[in-house]
Amino acid sequence: MSTTTLPDGAAPEAPVRRLGAWYVAEYRLRAMKAYGWTIVVGGLGSPLLYLLGLGMGLATFIDTPVASGPHGPVDYVVFVAPALLVTAAISVATEEFTYVIMEGFRWRKLFWGVNATPVEPSQLAGGIVIAVLVRMLFTTVAYAVLALAFGALGHPWTVLVLPFVGILGGLAFGLPLMAYSAGLTEDKGQFAIVQRFIFTPMFLFSGTFYPLSTLPGWLHWIGWVSPLWHATQLGRVISYGESEPGWLIAVHVVVLVGLIVGGWLAVRRRFTRRLRA
Amino acid sequence: MVAARGLTKRFGDFVAVDGIDFEVAPGESFGLLGPNGAGKSTTMRMVGAVSARSGGDLTVLGLDPDDHGPRIRAQLGVVPQEDNLDGELTARGNLVTYGRYFGIPRSVCAQRATELLEFAQLSERADAKVDELSGGMKRRLTIARALVNEPRLLMLDEPTTGLDPQARHILWDRLFRLKEQGTTLVVTTHFMDEAEQLCERLVVVDHGQIMAEGSPAELIRRYSSREVAELRFGTDRNEAAARVLAEVGDRLEILPDRVLVYASDGEAILEQVAARGLRPTTSLVRRSSLEDVFLRLTGRSLIE
Amino acid sequence: MSDVLAPGRSGGVSALYAGNARAVVARNLAATKTSNWTVVLSGFFEPVFYLFAMGVGLGTYVGDVTLPSGLHVEYAAYIAPGLLAVSAMNGAVYDSTWNVFFKMRFARLYEAMLATSLGPLDVAFGEISYALLRGAVYATGFLTVMQVMGLNLSWTAVLALPAVVLVAFGFASFGMAITSLMKTFQQMDWINIVLLPMFLLSATFFPISVYPAPLQWLIQAMPLWHAVELVRGLTTGDLPPSTWWHVVYFVAMIGIGLTVTTRRLRALFLA
């Protein structure tokens, strides 16, 4: 390869200032290729199984309708599909924003290598997020398309919107998690705890399989603090017109956007502090 | 203790160890000296009864490792090239647990652990987790661990690679004490000074074959001169200078960065060099070492 | 050992086994002591969370489930044994795959163990025993929760504990055989991909009668279905003679798993 030699002999740094995050995203996406097949198979297989298993299988045993839209009760699969889609996006986030971060800072110290180049810490963090967004988009689009095929969407056109609701939920959970991971200096099983004491209860108790109101009142707070619940409810409103008061829809949006913005600011601060300490 | 005859190890088409013969006598400290990839570690693994040979005969402590792996290993202490301490346990926990792998009663393990921590100068760090220890401490703990079963034969694979000079000297001191107590040692190394410090007798290995055998002093006497003059003329000028020096000394070695002139009197060589009008940028005279033996035998230096 | 009966170059089992698997179990117990207790406890909580969310919450919409024998049971009593079997599978598979893989390739723990008088079989048995011990502790906890919630419908529920250990043994020995064939972390990801369909389809959450016949046969060939049916039969007391086939299935799985593991360990560690 030939490069233009600058007058002072330095490598050009201007494009890095503009595109640094994209270079990092490119590298991350290449790294994902190592487990690309599991992303594809998991991304297509898990919606297929969940929709088949829960939506079709379990639904036949449900005696009482679980939810209804403006035109009366909706199928169980229509009710769970938005929740499953958001969960898939959040699963991508828990995979990509935990061990990958720990690997970069500590195990393989890849981030320190990047840090020795003109790429800024915030660009590094941004590049990682961009790459994860790409993966999330693949997962949520696959989910939405399969849900459409299963007749699990209230309106067919929502196939275009639901992936973005999923990404909203994925980032609202993922960015604060990424900030947390970036602050860890040692693996003492924290990620296993996040998985089992945060992700799993959130998945199970966020109105995923039945409306939040089914649970006893003292468990409702889990839904209220859960990005999964807020994104799922948005998805349900969009998909089949679940009746949700306007103020509550506004709360969903505010909570999700708030977590994303707050999470991103924390990520940037932690990356900069750690890499430029 | 160990007897190998025509010992061979193949991985597919690659011959890692190519029919080597050697014996290790009780109480001896025996070295395998050679560059990385010479087949030293593979030989160690076969002697350690964790790798089946592809051909030849091998007995360790009078037994065939193919048939009596557990019985042989029960009497060996193994220090691998890279530490493989148990990161989830403390320093003491490592020693006790390792002793249990040999089926030694827990109370005996506990007592030996205390003694060995003392020996490894780690008594104060007994309850520290492995990750909190420095490189030199981990190495000493690995050696202490290898002694927990009071082995008849201690095998050390590159014992001081990666350690700083001070940590190396502490370690050599500990190993020297073991030697004095009569423990049989088998050491691999690619460091000359280490081989000279630790080994009474050694074989020089390259490409899976034995090139020479003897004590360090014998080998130097046989394959090198008493002294060496190292001359540096600058990267592109060594060859030209060497042509002028062809008649000087007993033997010449031209390396990319310097010219070595072997002779019994190094200072005299420097005078002859000056007399021929050559002015090396740096020059020094030193005693011949095993490095020179290796260079003579293989035409290559040990650390590349 | 007799000099007359010189064994062949393969060395027999004596080259692989020193009869000291308990030292490996003791090592794992010592490591557990120093590990993060929240993580240890989480293995117990996961199925309990599922039981509350699905059994109790979703149960309000599902109502009773009819077992093949015609017995009606409430939904929580239906899925609780399924969750117990699933958690036995997950625990055993994790311990025999990811955990073993990590210790083998990264922590290089087995390299250290095998330099002692331990043989590969001591390590394999030790790891499996520890996994079963842990599985039994979790299962006891979960069965206690079931008892408190009134979900054990028959005295035979006591036998669910040995049944869970059998199930875990089957998955652990099979998992170890698979791990011994794996080379990279990416290959390990496939294990999760195989587990998910078993989890979702194997009658854990609802009877497989909803599926078309060919899919039912496929599910019935999978180990988790046998595990779920066996454990559910014991906790509900609905035990047709065909229950024995589930036991036979797992005994065969253990046999195959251990045979493959032994062969592979010989190839991996004594080659």
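Letters A, B and C name the chains as they come in the text, with residue numbers starting at 1 for each one.
Following the convention adopted for this analysis, contacts are C-beta pairs under 8 Å (C-beta built on N, C-alpha and C of every residue); 3 or more make two chains touch, one makes a residue touch a chain.
By chain, with names taken from UniProt: A, C = Transport permease protein; B = ABC transporter.
Every value quoted in this text rests on a predicted model; they were computed, and no experiment measured them.
Q: State which chains count as neighbours of subunit A and simultaneously of subunit C.
A: In this structure, no chain contacts subunit C and also subunit A.
Q: Taking mean CA positions as centres, which chain lies farthest from subunit B?
A: Checked the centroid distances; the maximum from subunit B is A.
Q: Going by CA means, which chain is nearest the middle of everything shown?
A: When every chain is reduced to its C-alpha mean, the one closest to the whole-protein mean is C.
Q: Between subunit A and subunit C, what is the separation of their C-alpha centroids in Å?
A: 31
Q: In angstrom, rounded to a whole number, how far apart do the mean CA points of subunit A and subunit B lie?
A: So the centroids are 53 Å from each other.
Q: Taking the mean of the C-alpha atoms as each chain's centre, how many Å separate subunit B from subunit C?
A: Whole-Å distance between the two chain centres: 46.
Q: Mark out which residues of subunit C touch at least two other chains, giving numbers and ranges.
A: Within subunit C, residues 35 contact more than one other chain.
Q: Taking the touch rule as given, give the residues of subunit C at its contact with subunit B in the complex, in rising order.
A: 1, 6-7, 9-12, 14-18, 20, 23-24, 26-27, 30-31, 34-35, 107-109, 111-119, 269-271
Q: Report the residues of subunit B in contact with subunit C in the complex, numbered from low to high.
A: Result: residues 48, 50-52, 66-71, 73-74, 76, 78, 80, 82, 84-90, 93, 97-98, 100-103, 129, 149 of subunit B touch subunit C.
Q: Within the complex, which stretch of subunit C touches subunit A?
A: Interface residues on the subunit C side: 35-36, 38-39, 42-43, 45-46, 49-50, 52-54, 57-58, 60-63, 65, 185-186, 189-190, 192-193, 196-197, 200-201, 205-207, 210-211.
Q: Across the complex, what residues on subunit A touch subunit C?
A: Going through subunit A, the ones touching subunit C are 34-35, 37-38, 41-42, 45-46, 49-50, 52-54, 56-58, 60-64, 66, 188-189, 192-193, 196-197, 200-201, 204-205, 209-210, 214-215.
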